[in-house]
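The following block contains the structure, expressed as structure tokens.
Labels run A, B, C and D following the written order; every chain starts at residue 1.
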Amino acid sequence: MFEVRTDLAVEENERVRKQRQPSRGISVSEEKYEEGDVRITTVRIETENAVRIMGKPKGTYITLEASCMAEESVDYHRNISEYLATQIRRLIPEGNKSKTILVAGLGNRSVTPDALGPRVADNLNITRHILREYGSMAYGAGRVEPLCAIIPGVMAQTGMETREILSGVIHEVRPDYLIAIDALAARSLKRLCRTIQITDTGIRPGSGVGNHRHSLTEKVLGVPVIAIGIPTVVEAATIVQDSMSEFLEEISRIDPMSSLLSSWKKLDDVEHGTLVRELMSPQLNQMFVTSKDIDAQIKQMSYTVSEGINLAFFRS
Amino acid sequence: MFEVRTDLAVEENERVRKQRQPSRGISVSEEKYEEGDVRITTVRIETENAVRIMGKPKGTYITLEASCMAEESVDYHRNISEYLATQIRRLIPEGNKSKTILVAGLGNRSVTPDALGPRVADNLNITRHILREYGSMAYGAGRVEPLCAIIPGVMAQTGMETREILSGVIHEVRPDYLIAIDALAARSLKRLCRTIQITDTGIRPGSGVGNHRHSLTEKVLGVPVIAIGIPTVVEAATIVQDSMSEFLEEISRIDPMSSLLSSWKKLDDVEHGTLVRELMSPQLNQMFVTSKDIDAQIKQMSYTVSEGINLAFFRS
Amino acid sequence: MFEVRTDLAVEENERVRKQRQPSRGISVSEEKYEEGDVRITTVRIETENAVRIMGKPKGTYITLEASCMAEESVDYHRNISEYLATQIRRLIPEGNKSKTILVAGLGNRSVTPDALGPRVADNLNITRHILREYGSMAYGAGRVEPLCAIIPGVMAQTGMETREILSGVIHEVRPDYLIAIDALAARSLKRLCRTIQITDTGIRPGSGVGNHRHSLTEKVLGVPVIAIGIPTVVEAATIVQDSMSEFLEEISRIDPMSSLLSSWKKLDDVEHGTLVRELMSPQLNQMFVTSKDIDAQIKQMSYTVSEGINLAFFRS
Amino acid sequence: MFEVRTDLAVEENERVRKQRQPSRGISVSEEKYEEGDVRITTVRIETENAVRIMGKPKGTYITLEASCMAEESVDYHRNISEYLATQIRRLIPEGNKSKTILVAGLGNRSVTPDALGPRVADNLNITRHILREYGSMAYGAGRVEPLCAIIPGVMAQTGMETREILSGVIHEVRPDYLIAIDALAARSLKRLCRTIQITDTGIRPGSGVGNHRHSLTEKVLGVPVIAIGIPTVVEAATIVQDSMSEFLEEISRIDPMSSLLSSWKKLDDVEHGTLVRELMSPQLNQMFVTSKDIDAQIKQMSYTVSEGINLAFFRS
């Protein structure tokens, strides 16, 4: 009914199906693994029509879900890291030559749910400088891809667009791939810190907790961009819109005849939008919703993601 | 219509007036200062009846508001710190003998909007250990009250109730006053980081971002407790309830005859409650709403409060 | 020749042997484990005479050393954590009743080499509050001892002695054991972040990086105190004294007849002390020496210690 | 006698004078200000000969010293910030057109004495993004130069040279000046956190706590580089060498005839060097000396420097 924002392709896909929109050009496949109760969904957006319906660019969106992802268990998370490493390797296949990987830990370290990117970067097994100094012998017989990382900060702290900083560093360092880590906005509270999305489409404006203003894509940056994200917030406006929407449905179910629905139906779409905008506090657009134990979840998930990247590119 | 939670006495007072409830036993006075566009409201809850209506214990609640409190300006915040120092001194009058003050920086340093208390404690001018070692001569002719501080952490980190830790430290250190600093939940987004509440009633269960489980009051701790709080979040459930409430009012205004109100009125109070609970995601109780630049605001406000405390107890 | 400070009993024992002092009352035993190249040395100080010679109180000092302790390797550190858990269990034997353990993370989080204690406390598996609320069923068939933790801070931040805070909390919470974690001063640079000392003697004044002023012992606190420490600094004065001492020896070896030794020998002990004090900058007493990558080592070692404690008290 | 390292031109100048080396090509001027007991020394290295003697590149080195710089006093530090702003403006004169300033906060945030650069960057008044979006009207009648900032991290964290990251960002953002903030190594403990050095020569390899491997100069980066540094450590080897040197002098004073000096004099320069290297633990090169309250000093000084930069480029 109202436009709500989600960075997750699986949630857009759910919406499309619920609204029974035609889904040609959207291919969805699913794998399930008993170990760890893990579900991996691959959504491919293949046509311009699918782009329009899904509101997301063409490409592959892999979602890794596990019911107990937010639980603290070293062994369990080791499992998830291994699944993640496999998915990263699907998008960055091993070649004959080693590939330099630049990881960008996006977001604001000082705002807990936005700190995912910087904290993933903190725990990476950085190897580029060692390989450059000592050669591949430094790691014995293992296979190690040169890994480097940057934490660009956010515009309020730097005065620069993330795009400017990354373009500059890429221009100098010439990596083969950029992996951008970012905290995402989901539509549903149930997904917070329980889903990892990996995509080969990069990051588009308005996504992430911090709402990047420019695309971070191969077209813009000149190297393929793999984005890894975890939903850590729901936008405050989304919560309100969803609640009101459910409220309307519920009321009309209780009293289908006289009710609200008829009032509501007297208004046209523009009036609906106006009404909702009027009802919502203007501050709401600058607000997000997150959970009270987000600190423990960010700590846990940042290790899981950095370990996944380490496993993908470091084989001793 | 629904029960919403606020830690601010001024917001409860607004609600009471709006609902035209009798307000005997609630005294309200207001001062305005042009310098800094500051408003100081003192709410006194004086009778058992007022306690029941306001849902807050007897005592004095001083609110310091300033439209531009969230702005960054060193000079401006110096002003607010001075107003704050004066209000603290109203509740802790200067005596012949010096008084030992223990400040407790409540909350979770790792969750940005809950970090107010720990960060205020970080910037205090701690003097107790110096006065004990060198005597009052250490600070020349100035008047300095012995100030000490503790950051007790939250139960998930310590396994202990805040009450247990504070009782223990108070038992050993025997301060004359406890000043508890805590991040609060407001009802209105407009108040976030724009209001300071100072009260002589201590902290009661359920208040603060972290929802303390036990009272931190003179009765429990054996020393007078001054609580200083700043609203940094609105509970997610409050946002939803308020939005739905406004939605109902608006709809009934548009279509007063046929509408929703009649549907709604067919349900009794218990049914209302049930409906709302059903509509709301169970996760919502563990969620809060805060602003995207909460890091800058917490940084600014924590300096303002610690400087206010420093000015109150350190006169060189 | 000069008095140098070390918090490690194995280093005192080396000194005693080197100086061929009688070592009655000092018992030393050693175990070696090939897995991880680990050496565990147990020094027992058993008589008043041994106390005088060693400059340390009666009790058991267990030292866990491993050549590659400072290396980053998840598997390797898991091993060390298991050895550590076993040693902790030697000092806190499992009984019929569960024992409440309070961990105190001593030191200053803001000074990197002193942050060991606070960072160990950050990563503990805290269980006391859950066991109190849900009973032992909360963890199924596992055996879990109630674990709680406090980070008391340092006197410059709190205005209180660490002893005051811990006495207070112990008075309220009544744990069966206190485990105090602290960063230590070693005599030798070679031991930095390569040794873990576990002792049942508690902590005495002057030990730790921050130089506690009061004993934290069973006698003072009323509960048995196990201290776990890792050397993270050498005092600046120690480095200078040791270097000068070696310099004298070397010079006298090169030129045994004419040399410095004779000059030096013309001075008596008081003159030696005076000379050294004059040579040393007075600032030196407020200085410590540590390594440039102390951040990575503290991060690594704090996980190793917290995992050791978790393994000791949580058996699922 | 031995080679010791200092990043401070005033210390090199003292050494040159003490050794009565010819000082042609080195110009030194000094100003004193009663307010705040401040001394500003300007050393100019003007000839190739002076470069060789001083071991530093041609250029201007301004040193701002104040006896009580390490003390905590808001008013006092405001003064120092104003002096600093004036000196910055000497090196970056105000022109008709506004100049974009990029500040680089060098060093490792996780190692307390190396955190100066990142912490200065944290507290800057960042304006470039606002000026780009809203124009100079955003700040009313004031004169504001576009300020942006980056915290590049250290090679162990990023896998990239600082030079690579800065070159890239400069290539993209095209600032008029780079201001590089870095923690320095002094020769004397007395200077720690009591001196600010401002120079137009940039940063050369081996300087700073973290020992940058590449020059950060106009030649390398393509824009003028102003370096602002504060000594926060003394290298461990320096402490030892200085102590041994004083020890030799003292001994030879006590016993000029028989003594050590004659032993010492039997060795040639190469043997001296060999002896010292042998005496010194190889670990010593990876070690630094700093003070136990370095956290409070870094906190204080980082505010003073960021406020100095803010005052230089923001005039409301």
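Keep in mind that, in the parts below, a residue touches a chain if its C-beta (ideal position, glycine included) is under 8 Å from a C-beta of that chain, and two chains touch if they have at least 3 such contacts.
Since the structure is predicted, the reported quantities are computational estimates derived from the model, not experimental observations.
Visitor: On the document's contact criterion, could you list the chains that touch chain A and likewise touch chain B?
Guide: none
Visitor: For chain C and chain D, what's the span in angstrom between their mean Cα positions?
Guide: Between these chains, centre-to-centre, one finds 35 Å.
Visitor: Can you give the whole-Å distance between the Cα centres of chain A and chain C?
Guide: Taking the average C-alpha coordinate of chain A and of chain C, the gap between them is 44 Å.
Visitor: Give, as an integer number of Å, the spacing between the C-alpha centres of chain D and chain A.
Guide: Centre separation, chain A to chain D: 41 Å.
Visitor: Return the residues of chain A touching two or more other chains; collapse runs of consecutive numbers into ranges.
Guide: Each of 156 in chain A touches at least two other chains.
Visitor: Pairs of chains that touch, anyone?
Guide: A-B, A-D, B-C, C-D
Visitor: Across the complex, what residues on chain B touch chain C?
Guide: Against chain C, the touching part of chain B is residues 121-122, 126-130, 146-153, 155-161, 164-165, 167-173.
Visitor: Using the touch definition up top, name the residues of chain B that touch chain A in the complex.
Guide: Chain B residues touching chain A: 108, 110-112, 156, 189-190, 192, 209-211, 236, 239-240, 243-244, 246-247, 250-251, 254-255, 258-260, 262-264, 266-267, 275, 278-281, 283-284, 286-296, 299.
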